[in-house]
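Paired with chain B in one complex and with chain C in the other, chain A is shared by the two complexes that follow.
Let's look at the complex of A and B:
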């Protein structure tokens, strides 16, 4: 078996493992994947002053990305935290396959699950609200959603380094969550941000995902948003791969992971 | 399989830097052969866990060299991981909400097994630890003994040439502990090199061929189990219960009785533990001569075990 095929096999095994874990504990998944988007959608669609399709579409994109990110990034980032709590982290670190592949695979599992659950929840909620949503370009929206999922998987994998380095990973990632949402323009328009801070949002891929999808809902293609989303995701991937290698080396030097 | 299963040479591990630096292992050297169980003993903080972490490639040495099945744990960690099973004791280290089979499937992937091989290996590993009937049950529903056997199955799934066992019988009832010991003994007989740490010294007596004692980060003893037991300075403990005047146990010129420790003394009589250099006819005659005028209720002779040797050496090594 080639190295590439072996890597794919490890990634898929990690994805299957993570989906099995999620399926055994539905509470967390239901809160993040069902309750959160449903409630947000009711609030956002109900509060849209102008029920024009463009405004509703923008609200739906914001809710979808908030739900996806809070599920995928933070759950994906937390897979190693769960392992630390159960005493299985050392086994992952000293596994034969590259730890990065294992974590990417497990994040992929979270993303597949989250994508399906959030999409189903939003479809059902919009149907119950009898709120039509006009999708200007199905192809562009699909592409945008796929890229958003890939980007969130990469960000989640990068963030999981925190859980290898520190026992306070959950607190650190929770503290980062809402500032990131604000900087992406998911909760409030970017014009609400102080001018000196606006450049920060340019460095967050989800800000561009939001723009790409919003435009796609209106049937327009935004090449700048697409380029920035892809470019930033690739940059995160390289930075994450480097950081992961350094962190795994560091924990072997410092002995920060216990055997169980 | 040629060469030692584990080779450790001048292994030193220091945590921290400068004035706060703590030396957890100081120039530790020993080998483990294939088909041999070596017990790693030591008080808490002696360096056992640090050593297991280095062997498991979870921690880098500060100095010295370590090989597992011929693979250097620093330069070749992946091949070393592929041939070494690491087995922990206790309830942690498993995915409680998943079934035994799903746990093994994931740990099999971490062991580097290809997907096409995992199913057969899972069946084999479960059969080896007698858990085949429970393959579809959630781990959280298992007893502690069953979990421990699952830990062993996880260690076995890669068909290890080297096994690192950390407290494999901790918290187990005697029946389950004996089951685990039987599995480990079988692996040894099949040629697996085993390094065992355990505070249950009965594990050491039943399983190990050699003892390495760590004290204050250094190797304080490295010898066969029988030899280790003799390092206490006595080969047997004679417990005598009697009534009447307590004899002068140390009165023999040959100093056959090394030490006498009164355990109890009241109106009903007395009890004393006599440590004797060698349980021999001479000692028997000496003790019999002391029993004149004494009513002796009971005499028990117990061979010196690893535990007594461990305690005696630890007392001598204590600052």
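Let's look at the complex of A and C:
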């Protein structure tokens, strides 16, 4: 088997393992993938008698990305911390397969699962609300969703390394939710943000994913949003690689990170 | 109540506070949970304002109560789950049937924290959205919000008695929070789903919120407040009944939800 094929196999095994883990302790997934998107969709779309198609499109994209970000900070970011709690982190660090592949694969599993559950929840909720959704360009929306999922996967991998440095992961996850919702304008207008905070917003890939997908729902292509989304995802990947190298260094050489 | 009874309750509250502080150090809560309460309030205020026909003041008043729900729908369950995780319920039972008075006394720090977060969210978001006058008017109604906090804590504990044997306290608590957001008249008065609004009448916070809106707008409010008292009593009865059932089941059949 070539090294590339072996790497793919490790990544997919990680994804399968993570999906099984999520299904085993399914309550978190039910909250993030069912309760949250359903309620937000009822509020954003279901509280208005006859919303305009563009408003519906924007609301649907906003709710989907809100749910995806929640999955990233609550589940994707806690992958390695979960291993530490279960006592399997040390085995992962010294294992034969490259830990980076395992973590990327598991983050992929989180995002595949999140995408499927959130899509199903939103479909059922929109059916209950009897609310049709107009998709302007299926191709652009698919491309945008794929890029957003990749970006979330990379962010989840970065955060997963950082979360190993603290034992208060859940509290940090909680603190990361609403700032990103607000800074990315997922369900709120970006004009609400004070001017000094808008440059922070420009540095978050989800903000550009929101713009790309909202435009795609109306059938328009936004090259600036696409470029920023791809560029920021690449930058996050470099930051993640550095964070991973630093954390493994702290574990292996300096011994200052707890493994169990 | 005798002085011994008062001393016991005081000691129970002190133990509850120590339990709370170990799991939730102030410095961690101050930089993570409290900002979350503020940002959650801000988020839903802006969401409500951004909706077609949405009103900022309506959403702001409603979003302030989410700081209460944040702590008392989910967090308060840990009063019961700590017993389960620590394996200490059998020792508590040695003194006799576990009373809700004991559990309620240990839940006091959660109620206090919920009210602290409510005040913080109201002041901070009032400043950000330029509604300090409204924020101060809301804070003057603190006793009503304290009643709502009790009502929410009772609902949280009632659900915890059902959840503790299933390890589902996080799910049930969050489900309650999201139901309150969807059906509690928090951000918008009603939604297109009539059945959801019908459920809302039995949830904590909703009737109290209607009373608050009535007081602020100089409209009739007493019946709404009375309804919140009724909902609080109903959830308290469910919590007492749930705990008594778990206790009786453990003693008679040996099947203990806390093991």
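The definition used in the following text is that the second predicted complex is superposed on the first by the 248 of 260 C-alpha atoms of A that agree within 3 Å, B and C clash if a C-alpha of one lies under 4 Å from a C-alpha of the other, contacts with A are read in each partner's own complex, and residues count from 1 in each chain.
Going forward, a residue touches a chain if its C-beta (ideal position, glycine included) is under 8 Å from a C-beta of that chain, and two chains touch if they have at least 3 such contacts.
On a predicted model such as this, the values are computed, not experimentally measured, just so you know.
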So in the superposed three-chain picture, is A:175 touching just chain B, just chain C, both, or none of them (first/second/both/neither)? second
Answer with first, second, both or neither: which of chain B and chain C does A:195 touch in the superposed model? neither
Considering only the defined contacts, which chain C positions touch chain A in the complex? 28-29, 31-33, 35-36, 39-40, 42-43, 46-47, 50-53, 167-168, 170-171, 174-175, 178-179, 181-182, 187-188, 190-193, 196
Which bits of chain A are touching chain B when the two form their complex? 1, 6, 9-10, 13-14, 17, 20-21, 24-25, 86-88, 90-97, 102, 252-253, 255, 257, 259-260
Contact residues on chain A for chain C in the complex? 27-28, 30-31, 35-36, 38-39, 42-44, 46-49, 51-52, 55, 128-129, 168, 171-172, 174-175, 177-179, 181-182, 187-189, 192
Counting only contacts in the complex, chain B reaches chain A at residues 15, 49-50, 52-53, 56-60, 77-78, 81-82, 86, 88, 90, 92-98, 102, 105-107, 109-112, 114-115, 138, 154, 166
